[in-house]
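Here's a structure for you.
When the chains are written out, they are named A, B and C in that same order, and each has its own residue count from 1.
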Amino acid sequence: MQVVFEQIINGLTIGSFYGLIALGYSMVYGVLKLINFAHGDFFALGSYLGYTLLIFGSAFVTSLFGLWGGMIAAMLVAAICLAFVGILVERVAYRPIYPAGRLPAVVSALGASIILQNVIMVIWGPRYQAYPAKLIPNIHLQVWGVHITVLQLVILLLSFFIMAVLYYIIQRTTFGAAIRASAMDRDTAALMGINFNKVIFFIFTLGPALGALTGVMVGMYYRQISFTMGWNYGLKAFTATILGGIGNLPGAMFGGLILGVLEMLGAAYISAAWKDVFVFLILIMVLIFRPTGLFGETTAEKV
Amino acid sequence: MQVKKIAGFDRIFYFRKKTFLGLLILFGAYPFLVSNYYIDIGFFFGIYALLGLSLNIVLGEVGLFDLGHAGFYAIGAYTTAILNTKCGIPIFILLPVSALAAALFAYMVCSPIIHLRGDYLCIVTIGMGEIVRLALINNPLDLTGGPNGVFGIDFPSVGNIFVIDSSIEYYFLIWVAVALSIYGLSRLQQSRIGRAWNCIREDEVAAKANGIDVRYYKLLAFVLGAALAGVAGNIYASKLMCVSPESFTFWESCLMFCIVLIGGMGSIPGVLIGAAAISLFPEIFRPFAMYRMLVFGGAMILMMVFRPGGIWPRKRGISGK
Amino acid sequence: MQRNKNKVVLETHQLTKTFGGLTAVSQLNLRVHQGEISSLIGPNGAGKTTVFNVVTGIYRPDGGQVLFNDENISGKQPHRIVAKGIARTFQNIRLFPEMTCLENVMAGQHCRASAGLWSSIFRTPGQKKEEKRIQEVAEDRLEQVGLWKFKAELAKNIAYGSRRMLEIARALASDPQLLVLDEPSSGLNDRETEDLIDFLKGLLQENLTILIIEHDMKVVMGISDWVTVMDEGKKIAEGDPETIYNNPLVVEAYLGKDDDSEEEKI
């Protein structure tokens, strides 16, 4: 039984990574109906930035504030940098294409993704990089016989905290209402005086920033990072987005968590090699029976 | 009353027969003028052209987001590889077999999901492509050779008399396949099937309300697209003499997607241009070494900024005037 | 109520359609007689378009039946219903924007043709003949609605009024027995509306039956042989235009609930 709980906790940890990345996909999709293929690479770039910051910034920050301080500093700086990158990509690769419809934007997004990936490769090299073990807290806990690391606990708490804050912003504040309104009908929202550019600014800073944060967490959790990791995580996160119902933020979070848990349980009880097949099969099954995702709206199409 | 002239080759390419003949001579003479290396580039241009044509049916004509097309390509290639190495069936016989296998696979996979809309269909096709790739890596029943793939695939041959084993012959093999596909597809474009596809792309509800069996025509597009991708897989497998899962990644599906969009949705000459761009670009920019993919990504963005409809979009209604 | 003896082409029997908790159409009995123009009127949100969507197979009914020539067609796929002889247009015009006007109309002939994959690829004599026929029918229909000059133009490029007519031409190209038009005059100016009325009346010569949803009372009174009034998903009255015009229930349904603009139209 402990093993099941441990797998579920591992699953929730990975799931919260997927969920946080999925939030970025979902926000952009909700407002622009654009699948932002570069989003996974924001995450990867964030992870590499965090790596560099930890290594080079550690002497200073870590000596002042300790291990945890160094970690938090790395996350914050990476998130802020990626917010700028996100806005830059939006301005250069997406903004000029909005009027042309959705498909050209997919190609442009793929182009942006290739560029980001290769920027990482050119700067950090094509080989794996490893987060330095000595800079990451490594404390194990035993709760009712269930094994859990403090890092895992921190990741989980932080993810849930971020998700809760974002949920609050989107669902309870006026600005959140503006975002939701823009997602439903951009033109009408604009007529109601909603500043669409502000909404875009928000989603293209917050999304990549969350991605970067997740990138640093993944780096610390798995230690190993590679320049192609953006695609793998991006694909999973996108799957989570769809599983939850595209454009639906709480759906994306739950989609991520469900995906992570399924993946871990699949790895433990079916086969580690087939776990991703298992995950995609579940996704397809869900979509066959609920064509708009688990939490997607099922309203009839207006004719 | 004026009667619209129904499709000749000029209707497909919108230029005169002379230009067409010129191109034909260029394509025919090319392999005799350059080294094997460049002939092989010409071959891969042909493979991408065929893959582009196959995805163009699904994405360009019907407007279905298919980002897992490499899965069908893989099914074709592995069908050829496995049946050839394990059972010794000749490559040429496996050509239609591979096409059928890919088509059958498309039919079985797409039947239950064909009602999904837009991006939901997109993720399912991505998932399908990934499932195929992961399955190949995991080596079920010891058939696919795992991450290393299958080795030792024969040359295509008819007895001992006609054997395709040189770069030039492969070049012509793929381009004959491309030419035949263009011939068939351009005729489909000008038929009630092509129109039905386009109607679905333009407005699915209106298509239904005008008597078009949307489900049937979507499935037909997938099956036909998969069959062509299967043909490409067959030729690719015998050319490389080995297949491995890394040739059929998500990235490969993305490249096909870009071919169709860079060229222009639903445009056959557009597909050729898109395929040329994708297959020749990395060669042209080889001097940039590790920066070449940066340039490549930048070019994709610029292309969409300045020509969002593609380089050679399909023109309609020209001959009707 | 006096009705002529023409046979019933379309009949709905206790037709019901709900969306979630909302009953859009409730136990509606509707009859459309051959060779007539019937109108379905009612204030906004009365469920008229929903009736059309159920009749043409876009929605499945939750109760009741739709009978077309005494055959139960409820719940059948839209393309099968078109093949049986019901063609429709949409309130918000749904053309195929990136296709030419001629191709738009040719799409209407789809269900009257049968060429398959191989005959299309190899262009068999039968397929050629069929393709020629499709084109001729489409060209005739384009000419009929006066859009011949736009045949090579993309549908998205023509004027609004022309688009309405193009959509009607497309529907006619499927050789329907019953033509179902959803607010064909909306967005048209007076001149175009008059032309439309004449055009629709002319169609009756072709042995067509027409069912329209209409807001414009001038149109309704001008062309209808029979009027059915709906409100809140239910039929509240039916009769010839004269009777309906003087029916206090109808006046109340319109005036009691709608704003000034509706009042003007009546």
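FYI, contacts are C-beta pairs under 8 Å (C-beta built on N, C-alpha and C of every residue); 3 or more make two chains touch, one makes a residue touch a chain.
Predicted, not measured: the structure shown is a model, and the values here were computed from it.
Chemist: What chain lies farthest away from chain A once each centre is taken as the mean of the Cα atoms?
Modeler: In terms of C-alpha centroids, the chain at the greatest distance from chain A is C.
Chemist: Which one chain sits nearest the middle, judging by mean Cα positions?
Modeler: Nearest to the common C-alpha centre lies chain B.
Chemist: What whole-number Å value describes the gap between the mean CA coordinates of chain A and chain B?
Modeler: 33
Chemist: Per the centroid of Cα atoms for each chain, what is the distance between chain A and chain C, given in Å?
Modeler: 49
Chemist: Using Cα averages as centroids, what's the distance between chain B and chain C in whole Å?
Modeler: One centre to the other, that is 41 Å.
Chemist: Residues of chain C touching 2+ other chains?
Modeler: 58, 90
Chemist: Among the residues of chain B, which ones contact at least 2 other chains?
Modeler: 205, in rising order.
Chemist: Could you say which residues in chain A touch two or more other chains, in rising order?
Modeler: Within chain A, the residues that touch at least two other chains are 303.
Chemist: So in the complex, which bits of chain A are touching chain B?
Modeler: 29, 35, 37, 92-93, 96-97, 100-101, 103-108, 110-115, 117-119, 121-122, 231, 235, 238-239, 242, 246, 273-274, 276-277, 280-281, 283-284, 287-288, 291-293, 301, 303
Chemist: Using the touch rule from the top, collect the residues of chain B that touch chain C in their complex.
Modeler: 1, 3-4, 6, 184, 187-188, 191-196, 198-199, 202-203, 205-214, 220, 224, 316-321
Chemist: Taking the touch rule as given, give the residues of chain B at its contact with chain A in the complex, in rising order.
Modeler: Residues in contact with chain A: 112-113, 115-117, 119-120, 122-124, 126-128, 130-131, 134-135, 137-138, 205, 250-251, 254, 257-258, 261-262, 265, 290-291, 293-294, 296-301, 303-305, 308-309.
Chemist: Please name which positions on chain C make contact with chain B in the complex.
Modeler: 56-58, 77-79, 82-83, 87-88, 90, 94-100, 102-103, 106-111, 113, 115-117, 120-123, 127-128, 130-132, 134-135, 139, 143, 151-154, 170-171, 174
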